[in-house]
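Shared between the two complexes below is chain A, which has chain B as its partner in the first and chain C in the second.
Our next item is the complex of A and B:
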């Protein structure tokens, strides 16, 4: 039985938490509520008064978390980590050294890791772009507010899709 | 009345230590739900959904429901099942000897999350999401989702509850499992069109009362029938409605007709519903009634729109389909098969888009049924909806009673608003109601009309026969005796009229019954005139279906060979006047001719003489 390196387990837990808990369960409903408030279909005075600050704040934290996850992706997911756990840790150090390089290079190549990382970073940039449009939120008309929030929601969902695909690049399913 | 959801979800169902569950509020805002959970989180909410689409009750399905740091959260199947049971009526509950109590309104739908996080609530997990635990390794494993365990247990105990998965986990991970365990579908909680998807799911599968309130009731058997009607409304195939007399088959046909799928939008074209009493169709006159008459400029014959053509693009409701005369059955079969109709005197066929909605209280598959099997098959091609008898839905009796009491009070000026005492309700609940809702309405109207000046409707006001089984047998016998087959000929009708004796009636019965009797009498005479008109039509090669002649028809109907043309016109005008709003076809034409011939109002004295 092959052990799964703890770095992979930890990275996947963070990815799942980010994608499922923070993005889909917390941020998307928060954005949806913001849209309902602007539409005038939901009233919540406390929420409405802080909407313009809260959305960028939560979104900013989310984007930074995603970037941190992507930045640590190669270091955490590299299949070379399997050489550090049973049974491959029984190999002699020389073999492990050259195997480590070959395995990681092959994985990077086969899984198009660089392109996937770029896709996620692009998605984060897309969210940030939409977020910047919210800078003058309080001066916008109702239609402009709705349009900018909806665009942000679309870009966040795009980011969510990219976070979901990251699961497929793991060298060994867990 | 709003649909009611039960949502089993760890995140949105939890009771947050500091009161407000922001995640739940956001979800409710997204789906436009009104949170009626009643826990401290719901009470602490300052959010107001202006036009909610549904009421939502949340359940964490875990213990404890409120978990500050330091607590350990565990899945709690028993607690979840209790929550389901609280909102679900128990079937076949004994009615006698029990304090009358309305059963709970059935859940319109249950929505279940997949992944439920368990374990210890740490300071860190609490900081991320208040009250949520760290999670254990197996919690988010699709092979062991607690949501699937919940689904299994609920579907096994309550197979009629519509259940959907509402989750932001990937659908493909569980698509086989949720289907296998009885869920009807999967809605991505974070999808932009989530509310629209849920609305459509609710339409197709939910248990929903009639929003217009025309069909009163919230019992499970009724809601299942309404769901069948909504599903049938989604297509244009013919539908058959089965149900005992007095169950409201025509109301259900109207519900089916006005149902529009959510995706159809508010701008969907309005369709027409045309009602036909099948037993009232004369074998000799039905063609012009159903198919219409082709206008002929050469002979001066006016055209007439047939009932089927009137329903073009909409629905034709054939009530009491078992009474359809054999001649009409053959003609109708051709129309349904070919989807075309040819007017009387016409040569060309018209393409038709008409959905036939039929109703019957008879067993149409029985060997003694007079309905052609090939016609029956076509009339129920789009499905059969069974309307439950009132005794199968006793939970609706309090609601129906309140409705009829209010209607009866409005009908009787000066009557006081009243309450129904528990004893009276117990008596209503104990009865079997062989005449169903119509019988209940009659009993309530009778009680209100005889006791207008009271504040309470008590058991003594209700004239319900104690032995309902005997009464049911009598009613069945009376109904079969009065069937059209037994009075099919003039001789039989005369014999029946000679032998008929009215039961002893009270003043209120006479007051309420005589106008109706007078109206029915006029309608009976109008049918006699219709038969006489058909028998005396002048038929020519150009006009094979015949031309109306009111003078010979009046002579035939009265048996007076010396009747003048003027008196014949007066006769048609006088006899058909009281029911002129209900006239169609030849009778309407004859009445219009008589009014043209004798435009002046007839003096009552002259009327008596004539």
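Our next item is the complex of A and C:
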């Protein structure tokens, strides 16, 4: 069996969990339900009473997790890790040293890692901006609430798109 | 032979791909493909186009499954519930879309091929059916793992990295802010080393290029591609190299070929 560096496997697992489980299966349904409640299409008094706190709380955790994921991206995904596992760990130490530098630098440049990282951070900023608009949620009219929640949903979906494309920055498919 | 596909996201385009693959490969010894959603509680059947039947009530559900396929992210929430419903259990379980090569869970085996784009073929189907049949016969010899459950990138990734090393030392690869060392002797030693077959064989952990070819074929690389890969490495190491502005270096061609094979 192949030795895929464990840092790469772990990072991809976290990305998939964030993108699929937390964002798509947990937060988007939460936000959609919040919108339906404000619209009056769904009635759930308990949910409604905690909505103003719950949405920012879950969203804040999600944003922090995404930022941690992109902050650790280079250290976790560097193709240099392949020099530490079979079969390339069979090379002499000098070759492994200079090859590590070369392949990491090539990967950083070819994949535009800095730009991709900035794009994700911008998307997180976009979500946080919409989140701040919810600060005065209890004082908003129904229309304002709906507009704020819908804008947050758009930002979250954009973040989801960015998280999805992050899969493509892996040096080699796993 | 029946199978169940456990996947909670009913909009997932992979449902159609998997249904198309399984039902399209089916022979007369095979029967239904079930779709199980709702954390293992909602059942229907799928046709080869991914169309879902009406929900199945308890009587319409199987009591035993030959094979269960589950999407990686649905595993934890669904399999325990499925176990309770399938009184006689199942013979073999496979997980789609589990990143990397972590240990199997609960006896489930990971399918290490892409589901988007969908990379499973008739050959994989036949190997899975063969695997299940061998298990069902209870023979002592363990059934060979289907090739889609085995990694194939090992030598290709190593080759790509070694090729980058060669191209860099020969001034044919820009590596961001990494530049050649000012120590001329050291640079030349590294350059010469990348021209030695031994450097490649060590980095690939094989004893010869023939062995590399055999291992690539074993890793599911088509024989013609494996032959070409070896030919390109040999061409790079045996001067004279192709000359002329428009003639790409063999290792640049090799890297393109590897990128295609890793898709």
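Heads up, the rule we're going with is that the second predicted complex is superposed on the first by the 172 of 174 C-alpha atoms of A that agree within 3 Å, B and C clash if a C-alpha of one lies under 4 Å from a C-alpha of the other, contacts with A are read in each partner's own complex, and residues count from 1 in each chain.
Note that in this section a residue touches a chain if its C-beta (ideal position, glycine included) is under 8 Å from a C-beta of that chain, and two chains touch if they have at least 3 such contacts.
Note that the structure is a prediction, hence the values are computed from the model and not measured.
> Taking chain A as the common reference for superposition, should the pair chain B and chain C be classed as clashing or as fitting?
Overlaying the two complexes on chain A (C-alpha atoms) leaves chain C and chain B clashing.
> Can A:118 be said to touch chain B (first), chain C (second), both, or neither?
After superposing on A, A:118 lies clear of both chain B and chain C.
> Given the touch rule stated above, what does A:135 touch, chain B (first), chain C (second), both, or neither?
neither
> Using the touch criterion from the header, give the chain among chain B and chain C with more contacted residues in chain A.
Of chain B and chain C, C contacts more residues of chain A.
> Report for A:16: first if it touches chain B alone, second if chain C alone, otherwise both or neither.
both
> Figure out whether A:46 sits in contact with chain B (first) or chain C (second), or with both, or with neither.
Once the two structures are laid over each other on A, A:46 reaches chain B alone.
> Pick one for A:8: touches chain B only (first), chain C only (second), both, or neither.
second
> Following superposition on the C-alpha atoms of chain A, which segment of chain C from the set 43-51, 151-159 or 187-195 overlaps chain B?
Of the candidate stretches of chain C, chain B runs into 43-51.
> Which chain A residues come up in both lists, the one for chain B and the one for chain C?
Common interface on chain A, chain B vs chain C: 16, 20-21, 24-25.
> Help me check something: in the complex, which residues belonging to chain B touch chain A?
My answer: residues 11, 22-23, 25-27, 29-30, 32, 46-51, 115, 128-129, 140, 168-170, 189-190, 192.
> Quick check on the complex: what are the chain A residues that touch chain C?
Of all residues in chain A, those touching chain C are 1-4, 6, 8-10, 12-13, 16-17, 20-21, 24-25, 79, 82-83, 86-88, 90-92, 94-95, 98-99, 101-103, 105-106, 108-109, 172-174.
> Name, in rising order, each residue of chain A that touches chain B in their complex.
Listed in rising order, the residues of chain A that touch chain B are 16, 20-21, 23-26, 28-30, 32-33, 36-37, 40-47, 153-154, 157, 160, 164.
> Quick check: in the complex, which residue numbers of chain C touch chain A?
For this pair, the touching residues of chain C are 8-9, 72-73, 97, 99-102, 114, 150-155, 157-158, 160-162, 164-165, 168, 173-178, 181, 190, 193, 199, 202-206, 262-263.
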